[in-house]
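You will see two complexes here that share subunit A, one where it goes with subunit B and one where it goes with subunit C.
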Partner chain A sequence: MLKLVETEFLKLRRRKLPWVMLLAAFVMPFFAFLFYSYLGKKGVDPLLFYKMSALGFTMFIILPVILGVLSTILMYDENQYDMLKQLWIVPVSKLGYFFSKFFMILLYSVGFMLLTAVGSIAFSVLPGIVAFSWGSAFYLLQKCLEIGVLCAFGLLPILAVAASQKGYILPVCATLVYAFLSFFLMSFNLYLHPLSSMAAIVMRNNDIPGLAFTGAPNLPLAFLCIDVWGVVSVWVADLALKRK
Partner chain B sequence: MSDFLIETKQLTKIYGEQTAVNAVNLHVKKGRIYGLLGRNGAGKTTIMKMIFGLASITSGQVEVFGKNIKGRQKSVYPRIGAIIETPGFYPNLTGTENLEIFAKLRGTAAPDAVKNALTVVGLPYKDKKLFSKYSLGMKQRLGIANAILHDPELLILDEPTNGLDPIGIAEMREFIQKLSAERGKTILISSHILSEIALLADDIGIIDHGVLLEESSMEELKQKNGRYIQLRVSDVPKATLILEQRFGLAGYSVQDDETLRLYDTSLDMAAVNKALVLQEVSVLSSQLCNDTLEDYFKKITGGEGIA
Partner chain C sequence: MRILLWAERQKLRRSNMVWVAFFATVLLAAIVLIGGQQVYEGVRYIDTPGWFLSVLQPWATMLALPAVVALLGSYMICREQQDDTLKTLRMIPINEAKLTVAKMILAFVICVLLYLLLFVLAFAAEAVLHAPALPVGMVLGFLKAYLIDGVTVFFAISPIIALVSRNKNGYWLALVFAELYSFTGMFTSMSNTLRAIYPMTAVFGLSGYYDSTPGQFALSCVSVLACGVLAVIILAGQSKAAAD
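Moving on to the complex of A and B:
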């Protein structure tokens, strides 16, 4: 498995897009900086700034879309250039192959959210919008790590779609639908969609200002939702890869 | 243990209602080059995929290194190198980088395995040219380099000369022969190019519409393959009468009103010519002929020739 992950890194040589996509981690911190700079406010509550910079659109839209695109990139070459047969006869196990891709997604997701955390602190503390405190920095770091880990698991269905397709159009479209679907479903039931379940886990203490659920989130149900989707995704990916 | 590195018994593959491979009994001997010849769509690739467990077997069995293969038999893969269909590699990487990935995945122990494999196929080591910029010939060479990277005993090459120019084909042929002669590799190679197989293979299997029509060594095939004496004479009916009466000949055929084919090549042609001339039958020409492999292919497939 370690070998597979190592080779995943080698395969990314000279690929610019995954690195360029990391810049998206700074999009919301930058917008939050612009917003508070425009208002001319100083000494803003760090949680308010971080809600905008890391715990809002980044969690619900930007990160899932970025991870969906990355899933497609990771699967594309081997599907498009008919390389899977060569890998199978090495031999590489089909599930090992799938999990090595997932591990890359997980690492990328955590890295992306760490960059978001760094960007949030930089864009808030350096211009003096927020007064630095270790407490708020750790809070942000903790939430970003949670989002990074959970979102990777929440994106397993997209990775499975990417594994089953030769092209990139369907996985990318599926990513967009999948990300926005979590928004719609959230108002009906938090535990139908892995991304809304992720939000329920991250916001479990109702400690993000302006983002709160009416009741206490049901954590076991949220984890169950992510697990069930994850298991089904692995099963689908295994079937799809067996056909190739 | 049997003498065969690959042996299939009644190997059959059915896709829906179409039988792609029908009860094929293939025997690949150790240290030899086995050429699997057939038109496009004859079932060659399907057989190779079944040998690797990349396609399920409908019925029959495959034995590789004496082991019955059911599904993906991972234990035999390290002993086999292969190109199945067009070899694909990562376009953003160089040839060396691509091979390094496969070497790592295989756990290839030799530190200079990649360099050696590239040298054998005549590709530069640590070259900066990306795979996406490779010519078709270079891609095929890289495919072979990948197949021999871990120094396997058995090579399975599915149409390795596909898309190559004549010089590339000749180089590839020479290279495959060298692998067999100098390194003792057993090679199963498929092709739809008859001349290619004729020049390369020690043993040949001819497959058509999923059925293995013929399997023999090239030597045997050449021997039994349509050797005859073509005789052009002025009077065919009279000549046949003389041949039947004087030489007891039964195996002949009349091609046209002045040509005969005599299938007993051990005949004393000097005596035949003399007898015919004495009976006032002019002998316009007589020559020992061999059917080409293409003629033979046509004959046994009962249809069109092959490239």
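Moving on to the complex of A and C:
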């Protein structure tokens, strides 16, 4: 398994796009900086700034879309160059292959959110919008790590769709619809969609201003939702890869 | 040109990607319809006549549809390179710039059709829910708005698709960029001037979703037309490079 992950890293090193896509981690911190600079506010509550820069659209739209595209890229390349047959001859186990891709997504997701945390602190503290404090910085770091890990698990269905397809149009369209769906489902039921469940876990203490839920989120149900979708995705991916 | 358009249409008929895009559009409409079940001050959003017709266009535009159209356009351009049919086409010989223009015309038609489909879906839902309370004038106004959205959104993203024709492996970047480009509209819409200038929100100034002064309307026209001109310049550059 470690060998597979190492191979994935070596393959990733040759590609420029995943590195370029990391720049998207700074999109929301930059917009938050522009927003508060436009308002001319100084000494803003760090949580308000971080809600906009890392705990809002980054979590619901940007990260899922970027991870969905990355999942498709990782799966599509082997299909495009007809390398799967060679991998099966080696032999590489189907699930080992799938999990090596997932491990890349997980690392990328955590790295992306850490960059978002660094960007949020840089864009808030350097212009003086937020007064730096270790407490708020650690809080942001903790939330970003949680989002990074949980979002990768939440994207397992997209990775499974990408594994079952030869082309890239369907997985990418599925990614857009998937992210869109979680965004709208949040106001009804947090435990139907893995990304909404991720939001429930991240906001479990109702401590993010403007994003609080009515009542305490049901954490076991949220984990169960992510688990069920994850297990079904792995099963579907295994079936699809066995047919290839 | 007519032959090129015919050939592109035939190629599209054999591919299921257009159906995937149309299906994604239907799902987007369904998701916003689910979002309309949310209750605000004792009334569900969807119970207000015209709400669905009104909100579907900005949500679909800012979160998903431009990326879908950019993906379709760039896919049509890149597939000749990927399927290794570009060499054969060059031997015929075919003017590559004209071929790209034919593909862009087709992408334009698909973009308008996707917005018309959105309108039909929104209108069907509104007709089922509030048939007697829907004035014909309002419905025709929305039809005009969706048509203008379809035309102008394509103009706004045309430089991205045109750029892909220069770098045939840039379709992933085009997709990510189109998504961030449309998503940024959520923030530019906060300022009256900025939303008239930024192409993805200027389309709403032109379609009538935003109230705009004659000056803002003119700015929006210039902004969207500038995108079209930029796409033409990029294509002309490609044509000149091919001639050299």
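We take it that the second predicted complex is superposed on the first by the 243 of 244 C-alpha atoms of A that agree within 3 Å, B and C clash if a C-alpha of one lies under 4 Å from a C-alpha of the other, contacts with A are read in each partner's own complex, and residues count from 1 in each chain.
Note that a residue touches a chain if its C-beta (ideal position, glycine included) is under 8 Å from a C-beta of that chain, and two chains touch if they have at least 3 such contacts.
Note that the coordinates shown come from a computational prediction; the quantities given were computed from them, not determined experimentally.
A.B. asks: Who does A:V65 touch here: subunit B (first), subunit C (second), both, or neither?
C.D. replies: It touches subunit C, and subunit B stays clear.
A.B. asks: Tell me the contact category for A:R13 with respect to subunit B and subunit C: first, second, both or neither.
C.D. replies: The first partner, subunit B, only.
A.B. asks: Report for A:F103: first if it touches subunit B alone, second if subunit C alone, otherwise both or neither.
C.D. replies: It touches nothing on subunit B or subunit C.
A.B. asks: Of subunit B and subunit C, which one touches more of subunit A's residues?
C.D. replies: C
A.B. asks: Quick one: classify A:D82 as touching subunit B (first), subunit C (second), both or neither.
C.D. replies: Touch status of A:D82: first partner only.
A.B. asks: Would you check which partner chain A:Y139 touches, where first means subunit B only, second means subunit C only, and both and neither mean what they say?
C.D. replies: Neither partner.
A.B. asks: Check whether A:F223 is in contact with subunit B, with subunit C, with both or with neither, and answer first, second, both or neither.
C.D. replies: Once the two structures are laid over each other on A, A:F223 reaches no partner at all.
A.B. asks: Quick one: in the complex, what on subunit A touches subunit C?
C.D. replies: By the definition above, subunit A touches subunit C via 17, 20-21, 24, 27, 31, 34-35, 38, 57, 61-62, 65-66, 69, 73, 80, 167-170, 172-174, 176-177, 179-181, 183-185, 187-188.
A.B. asks: Which of the residues in subunit C end up touching subunit A in this complex?
C.D. replies: 17, 20-21, 23-24, 27-28, 31-32, 34-35, 37-38, 63-64, 67-68, 71-72, 75, 82, 172-173, 175-176, 179-180, 183-184, 186-187, 190-191
A.B. asks: Tell me, which parts of subunit A touch subunit B in their complex?
C.D. replies: Per the stated touch rule, the residues are 3-4, 6-7, 10-11, 13-15, 77-78, 81-83, 85-92.
A.B. asks: Touching residues of subunit B toward subunit A in the complex: what are they?
C.D. replies: For subunit B paired with subunit A, touching residues are 49, 52, 54, 72, 74, 77, 80, 82, 84-93, 97, 100-102, 104-107, 130, 146.
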